[in-house]
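Chain IDs A, B, C and D follow the sequence of writing; residue 1 opens each chain.
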Amino acid sequence: MIEIENPFGKIATLEQALAFFKEEMTVMFGGFGGVGSPPNLIEGILAKEIKNLTLIGNDTGFPNIGIGKLVSQGRAKKVIASHIGSNPIAGKLMNQGVLEVEFSPQGTLVERIRAGGMGLGAILTDVGLDNTSVTKGKQQMELNGRSYLVETALTAEVSIVYAEKADPYGNLVYDKSARNTNPLVAMAGDFTIAEVKEIVPLGGLDPEEIVTPGIFVDMVILSNGVNWKWVWEEN
Amino acid sequence: MASELDIRNLMAKRAAREIVGGMVVNLGIGIPSLVPNHLPETTKVMFHAENGILGMGPSPGSGLEDGNLCNAGGYPVTIVPGASYCDSVTAFGMIRRGRIDVSILGSLQVSRQGDLANWIIPGKKVPGMGGAMDLASKAKKLIVLMSHTDKKGNPKILEQCTLPLTATRCVDMIITDKAVFEIKNCELVLMEYFSTTSVSRITAQTACRFSVSEDLKVIEV
Amino acid sequence: MIEIENPFGKIATLEQALAFFKEEMTVMFGGFGGVGSPPNLIEGILAKEIKNLTLIGNDTGFPNIGIGKLVSQGRAKKVIASHIGSNPIAGKLMNQGVLEVEFSPQGTLVERIRAGGMGLGAILTDVGLDNTSVTKGKQQMELNGRSYLVETALTAEVSIVYAEKADPYGNLVYDKSARNTNPLVAMAGDFTIAEVKEIVPLGGLDPEEIVTPGIFVDMVILSNGVNWKWVWEEN
Amino acid sequence: MASELDIRNLMAKRAAREIVGGMVVNLGIGIPSLVPNHLPETTKVMFHAENGILGMGPSPGSGLEDGNLCNAGGYPVTIVPGASYCDSVTAFGMIRRGRIDVSILGSLQVSRQGDLANWIIPGKKVPGMGGAMDLASKAKKLIVLMSHTDKKGNPKILEQCTLPLTATRCVDMIITDKAVFEIKNCELVLMEYFSTTSVSRITAQTACRFSVSEDLKVIEV
């Protein structure tokens, strides 16, 4: 194994990363149905018994996959997501009134996350304009004779993402569909922690193929890999 | 009588006829996922997934699954030559920009004017809309594949949907286990029906008026 | 040379591409100071003597570089850009009242182009809010107690971009800083034409490194390369 | 007396002292472009370009230029290990999100409260704002490098800018050929001056009041 230099001080241990998490925090997470969610960070937050989190991400995974673990063990007080369908426990907690859920259409949700990451205030879209469950409580405006919904930007105190490779500057590349929301979530965190399968030396990534520039990544930790069984492995 | 799977495949096969080479197609879960099996191999179609794949291929063989290569439902897929990966925001940009030629979804109800209700059963299932609203309102052509009636025999094609809507006036075609309808200018038109049923029985099982195409066809089962 | 198959019918000749251009058209172009602008398409539009164009892009290049050629030969009636400083002829035409110029802050301009490409109506930003030359004629709105400018999306009838490689589906990869505005412009065109240095067979591009998915590209033509001298070559 | 180039390098050298390892820095054209020459080789800085480069290195040698690897001004550059390319919208997202630690720009005028006027001379030069407004309003620290007076000897540091503003209350530090000012809580403070001048001469060449730091330093030339 090559000894990796750490000139930017971004490479850290899981313990150092976990020091950033505390109760009542807003945490944004990468992943789509658990694919591309950072397993060790989620397990670590779970083990630290951090409660009352506000979680922002595409969905609530499956009960024992991805962010689903935190949700189904009651660690979140609020979730902002596009669906919770694959995690029945999330629905149960919502119906019991112990979990607040804010839904956005999926495309709108990821644009809101991107807007936060890009320093914008909001985006205007007409998706959901014909649906009171989407329009409720939101500003609308006219533009060239057409109506739009104002969908506000989302940021988080900490973002957690999963990537295939990082270099010491925090440049990230992803693997196949595990990219999904990760590049967006990486930009939207006030402090972004990337859990990665491999750390390569500076210059070890092709500058053309870097998807998330390291400027958006504050900390990099090496992953032990996924510690759950996928749904399709259980069948 | 045709088995459940046969009927589902008949519906998928009929939907496949709406797809021509070069199209970008997004498939929902359930019956829509059977559609690719009914496309000629020479028809080059780019299947789109909301998580960030353009150019999905068939499911991998058992043991060849890759946990990092899954469709929007979380199940393993493969890719075809010319495929690309992107982030989810770009995947939905493709939808919102109107670059999806055909979206094929399941549904709970569809209204005579093409309103879609497929995301929520109040008091029972509140799973969130996922990408359904984006796809329903922005795909160039929206095809609904669903059973003609629910498990209790209640019609799913209605004057007005009783369930909360996903999007209004978005459905272009309905393919059920009984018939094929088109919705043109907010008017429901019966285009085809399966030889296992009849126009009068379809009328009885449909809770709204519809017109019958002058070119009405029967699909032999 | 490998014979490239054309199963999507997207690969075309310059002549076929030029058939899409006509007077009074809105054309969006990729490039930044001429770097990454499509030379043959620009030369072709020039040779076809198409006039009264509305051009949308980062800047007006240099008098004889990039889109600058069209601007300095009076083919545009309007330009939407972030600056025209490197093309003195553009400034002269503007002062003479024969060229209308709409300026946006550079970061806002590219977000407007991206918003068009992503099917959004507008983005909300606070950049330029303290500047009447930016706020003039624009809607403003309050969001969580802060003010924002509503910056509307931009699209074009035709977008022209330059890329390093394309495959027959129109998937594009770019070369170094010639990427710049091209991926955004490619998405914002109602019809997008990519001029590329090389066309490779389907499957010839790594799906991870594709920057512009071919879904946004309607036509691909092979480039003869840059036909101008760069500023730094003239010194 | 120091040559024009010597003075420009002195200014650039002073600006370089504001940069520490790990920072992301955006440099404007003109004197700011000299700053990298004055950084220790051990200081790892990521230079940012608006067109879409993070991690620019020095200019290539003559004949080694690459027409596809240029800075935002259109001139050839190189890259350092750890560099990445992105599109311009991401490059400006970095700025807008507040991820640029230091932006060093030239200017026509700066006001006592830190207003910046560097993009337009009405009736003469209307080049457009380019990225100046984004950078001025969003960089964590904005340093202006400019001559203390214009070619006619008129002060460029003023009570109020007479030229149209780029952005308001954004300048944190001004480095001229005479002195170094900081602007803290909308107050102009003289921190340092070059040994070729004096506080009284600086006062005469500055068209607004300023306070003098208790820790005032002289930079030997």
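In this section, a residue touches a chain if its C-beta (ideal position, glycine included) is under 8 Å from a C-beta of that chain, and two chains touch if they have at least 3 such contacts.
Only a predicted model underlies this, so the values are computations on that prediction, with no experimental measurement involved.
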Original post:
What is the minimum number of touch steps required to go from subunit B to subunit D?
Top reply: 2
Subject >> subunit C-subunit D separation of Cα centroids, rounded to whole Å >> reply: 29
Original post:
What is the distance in Å between the mean C-alpha positions of subunit A and subunit C?
Top reply: 32
Original post:
Per the centroid of Cα atoms for each chain, what is the distance between subunit B and subunit C, given in Å?
Top reply: 36
Original post:
So which bits of subunit C are touching at least two other chains?
Top reply: 111, 118-120, 125-126, 174-176, 207-208
Original post:
Counting only residues that touch at least 2 other chains, which ones in subunit D make the list?
Top reply: 85-86, 89, 92-93, 95-96, 138
Original post:
Which pairs of chains touch one another in this structure?
Top reply: A-B, A-C, A-D, B-C, C-D
Subject >> Residues of subunit C that touch subunit B when the two form their complex >> reply: 7-9, 117-120, 167-169, 171, 187, 202-203, 205, 207-208, 210, 213-216
Subject >> List of subunit C residues in touch with subunit A within their complex >> reply: 111, 115, 118-126, 139, 141, 143-144, 146, 148, 150, 152, 173-176, 206-209
Subject >> Sites on subunit B touched by subunit A in the complex >> reply: 49-53, 65-76, 85-89, 92-93, 95-96, 120, 125-134, 137-138, 164-168
Original post:
Where on subunit B does subunit C make contact in their complex?
Top reply: 21-22, 24, 44, 46, 48, 54-55, 79, 81-86, 89-90, 92-99, 138
Subject >> List of subunit C residues in touch with subunit D within their complex >> reply: 32-36, 58-59, 62, 81-86, 91, 94-95, 101, 103, 105-108, 110-111, 113-114, 125-128, 130-131, 133-134, 164, 174-184, 211, 226, 230-233
